[in-house]
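Common to both upcoming complexes is subunit A, partnered first by subunit B, then by subunit C.
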Partner chain A sequence: MSRLKIKLYRIFLLFKREVREGLKSLIIASAAASGFLFFLIISDAFSITGIDHNRLYLLFLSAGGFIYTSSCFREIHQRDKNSVYLLLPASVFEKFLQRLITVTLIWIFFSLTLYLISSYAAALFIKYIFKMQIPLFNPFVSAIFKAFPVYIINSSLFFLGAIYFKKTHFFKTLLSLFAFFILTAIITTVMARLIFSSEINTVFEYHFEKNLDSMRFSLLDYNLDSMISVIFKSLRLIYYALLAPLFWFVSYLRLKEVEVRNGI
Partner chain B sequence: MIGIKNLSFSYGKNSLFSGMDLTLGSGLYGLLGKNGAGKSTLLKILSGLLYPDTGSCKVSVFDPGKREAEFLSNLFYLPEEFYLPALTGRCYIDLYSPFYPSFDKTKLEFLISEFELDISKVLASLSYGQKKKFLLAFGLACGANIMLLDEPTNGLDIPSKSQFRRLVSSAVTKEKCIIISTHQVRDMEDLIDPVIIVDNGTIIFNHSMEEVSEGLRYSFSPLQLSGDEIIHTEKVPGGWAVISKNDGEGKSEQISDDNNIDIEVLFNAVIQKHGIIENILGRKDQTI
Partner chain C sequence: MRNSNKVLLASFVFLIALILAFMIIVKVGINQGRDIKYREKPDSSITNTVKTALADIKIQNIA
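Our next item is the complex of A and B:
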């Protein structure tokens, strides 16, 4: 067998082990999620606005996905289990890739299947019990497909949190995210204050409205529209092209560093 | 097979190993030491579960810290405390054996029957001793050339201990390096050779039993003896165990020689007088 085939075979073995060892939990979680979705769809069908499958599915994809991703490296933080996982004959990269595929591609497929089944079951239930027709979920729409890359990018942060934090991974990742946004807001405010200090100072002097107009004219000198456009384009590029690879790379490095003493 | 050079390791601010050197070839090594001496830590460093602070550690051609798949498929580590999933033995074998290219299923079936295990039962429901026997059988069948066993006989019943001794001794080949860390030295007598003793994070003894027999004489005396040639005496039931320098000369009439060196007495002697013993056996830069 070629080296690539051996690597792929080991990744397959990791998948097989994960499914078989977690089969009971998987069945229970799937049943619970299906039940929850079933009642959510029924209650949404009777709401004033009517059912919005896309909104509900995207909520399920993100919330469920982030929670699931946050716990995907539970084993490496458990004192009794981490040595088994770390000593499994597969390279760090193979273990990393297997978990990454699970929480991205497999979760997307799994959540889609689960939502599809739940929505059809709910539609049948409503049809026969309440004699009502509700629209069926169509996953083949652009809104759904556009959401997948966004989910994959956002989940990369929770993926890092799953490796980095030893417990309560989901909440600690959320907390870190809030802390990051607050810090970014403070830094942005301070920088804006420093860069546009003269304009901002004049705005709050004497005649507010008049000064605001003068500030607008003054900022035009900076070619504000193009500046904002460049900033947003850069942010968009960072978000779509750099954010997920960066978090995955840091996650991989962190996974390489994990020792048995990290278990709690 | 195993080469450690100038290795340092610490738990936080508590330094455990400092400048440790150790070279091991194939064989069945006994790793002995007091509680907290660093035996389990050494096994974890060798298996890549812990990273040394400084220095190098090589196992075959691999750096254990990189945890490469080829290295891990050639290693079997049995920790003192272990986890087994809620799967039947058969299912565990189906899931884990394909990770080991040299896994021998026929050998496993033989070992399973030798240890009288029922692989149709859920592993998590087995007793500690049965779980350990299952893992030992799996480890001996997986074809790994490096086997690190931490207190393997703990929890085993008396017949299983003798089965373990027999099966492990038959597993030793020129390609295999088996390290057994234990406090149960009586269980390991006639099995472990060479013996490595760790104390305060330092390898203070690393010699084969042949070297020990050449340099030291173990004997029994009904009375406590003293003299220049006596290195260590220890009260044992019915008299005194004596370790003296083996100068090849005649012995006192009070002493009865025993060719088999009692490892427990040897261990105590090394812990108390390792400087003298090393001078006698000749420091071989901790290399075998």
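Our next item is the complex of A and C:
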């Protein structure tokens, strides 16, 4: 059986197995999340700034999504459960795809539904108990839809973390991201100090203010803004087009390696 | 070294190379036929206008 061979029926069976085995936990988690959202919306409605459904929903989508994504491959690291999961009659790619769809598309739909129900319940509660009107949550706004791609891209980091680390996936992923940013910042600073040494020396020579002023005028003359905007556009393109596929690819490779390491 | 680690390492090296390339582009852009040292801050048009107005007032007073 080829590893990249996909059969939709097998993916459907994986979904069915997941729902059947995790239905009880799903109901408990949904009830807990709904209750938490219900009280969060009520407390936010009485705050000075008033309720902001978009902000609350995006917080719920991101925080809940990252925590959920971090634990989506927990069973492949558990000795008593990993062989059952890894020996299921589906290819690694199908298992990977099923979990990826669960933590991205299904989570987005699920979180939206959960928030919608909780917000309407909170609005009804406030209306009948406190005789107050609060604005209702409207999911069909551009701010919400623009956040979905950003969530999918960022969740790919936690998706890799879920496969990569054996325990405390969420915190280890956060720690790795922190270490990555620190390391990149140090390397970038050292490179900038070496490459722009003459410019930095000019600025700090003799009179700091005069040199900084002349440098600023000089750079404005030479259209540095357009150069920097091109760089930011390139970084934006890399973030939107390359980051998620890269992390999904590494996640897939890692899942194959885990299958070999743990499944045999 | 595992393949996943190799890909991650290669991506990190690529990112650093990309940042380096951007820095070199900016450096070349700054230095292309320019001397940024010791340039004086140019007078703005508003300063010139004020200076001219003050000079006109002085001439009128003298007259």
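To be clear about the criterion, the second predicted complex is superposed on the first by the 245 of 264 C-alpha atoms of A that agree within 3 Å, B and C clash if a C-alpha of one lies under 4 Å from a C-alpha of the other, contacts with A are read in each partner's own complex, and residues count from 1 in each chain.
In this section, a residue touches a chain if its C-beta (ideal position, glycine included) is under 8 Å from a C-beta of that chain, and two chains touch if they have at least 3 such contacts.
Every value quoted in this text rests on a predicted model; they were computed, and no experiment measured them.
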| item | value |
| --- | --- |
| Room on subunit A for both subunit B and subunit C (clash or fit) | fit |
| Contacts of A:A90 with subunit B and subunit C, given as first, second, both or neither | first |
| Which of subunit B and subunit C A:R10 touches, first, second, both or neither | first |
| Which superposed partner A:T188 touches (first subunit B, second subunit C, both, neither) | second |
| Contacts of A:R74 with subunit B and subunit C, given as first, second, both or neither | neither |
| Partner chain(s) touched by A:F249 [first = subunit B, second = subunit C, both, neither] | second |
| Contacts of A:E21 with subunit B and subunit C, given as first, second, both or neither | first |
| Subunit C versus subunit B - closest C-alpha approach in the superposed model, Å | 13 |
| Contacts on subunit A seen with subunit B and repeated with subunit C across the two complexes | 257 |
| Footprint of subunit A on subunit B - complex, ascending | 11, 44, 47-51, 66-69, 72-73, 75, 77, 79, 81-83, 85-87, 91, 95-96, 98-100 |
| For the subunit A and subunit C complex, residues of the former touching the latter | 164, 180, 184, 187-188, 191-192, 195-196, 199, 202, 213-215, 217-219, 221-222, 224, 227-228, 231, 234, 238, 246, 249-250, 253-254, 257 |
| Parts of subunit A lying in touch with subunit B, wherever the complex brings them together | 7, 9-10, 13, 16-17, 20-21, 24, 80-81, 83-84, 86-92, 94, 256-257, 259-261 |
| Complex contact set, residues of subunit C against subunit A | 2-4, 7-8, 11-12, 15-16, 18-20, 22-27, 29-30, 32, 34, 36-42 |
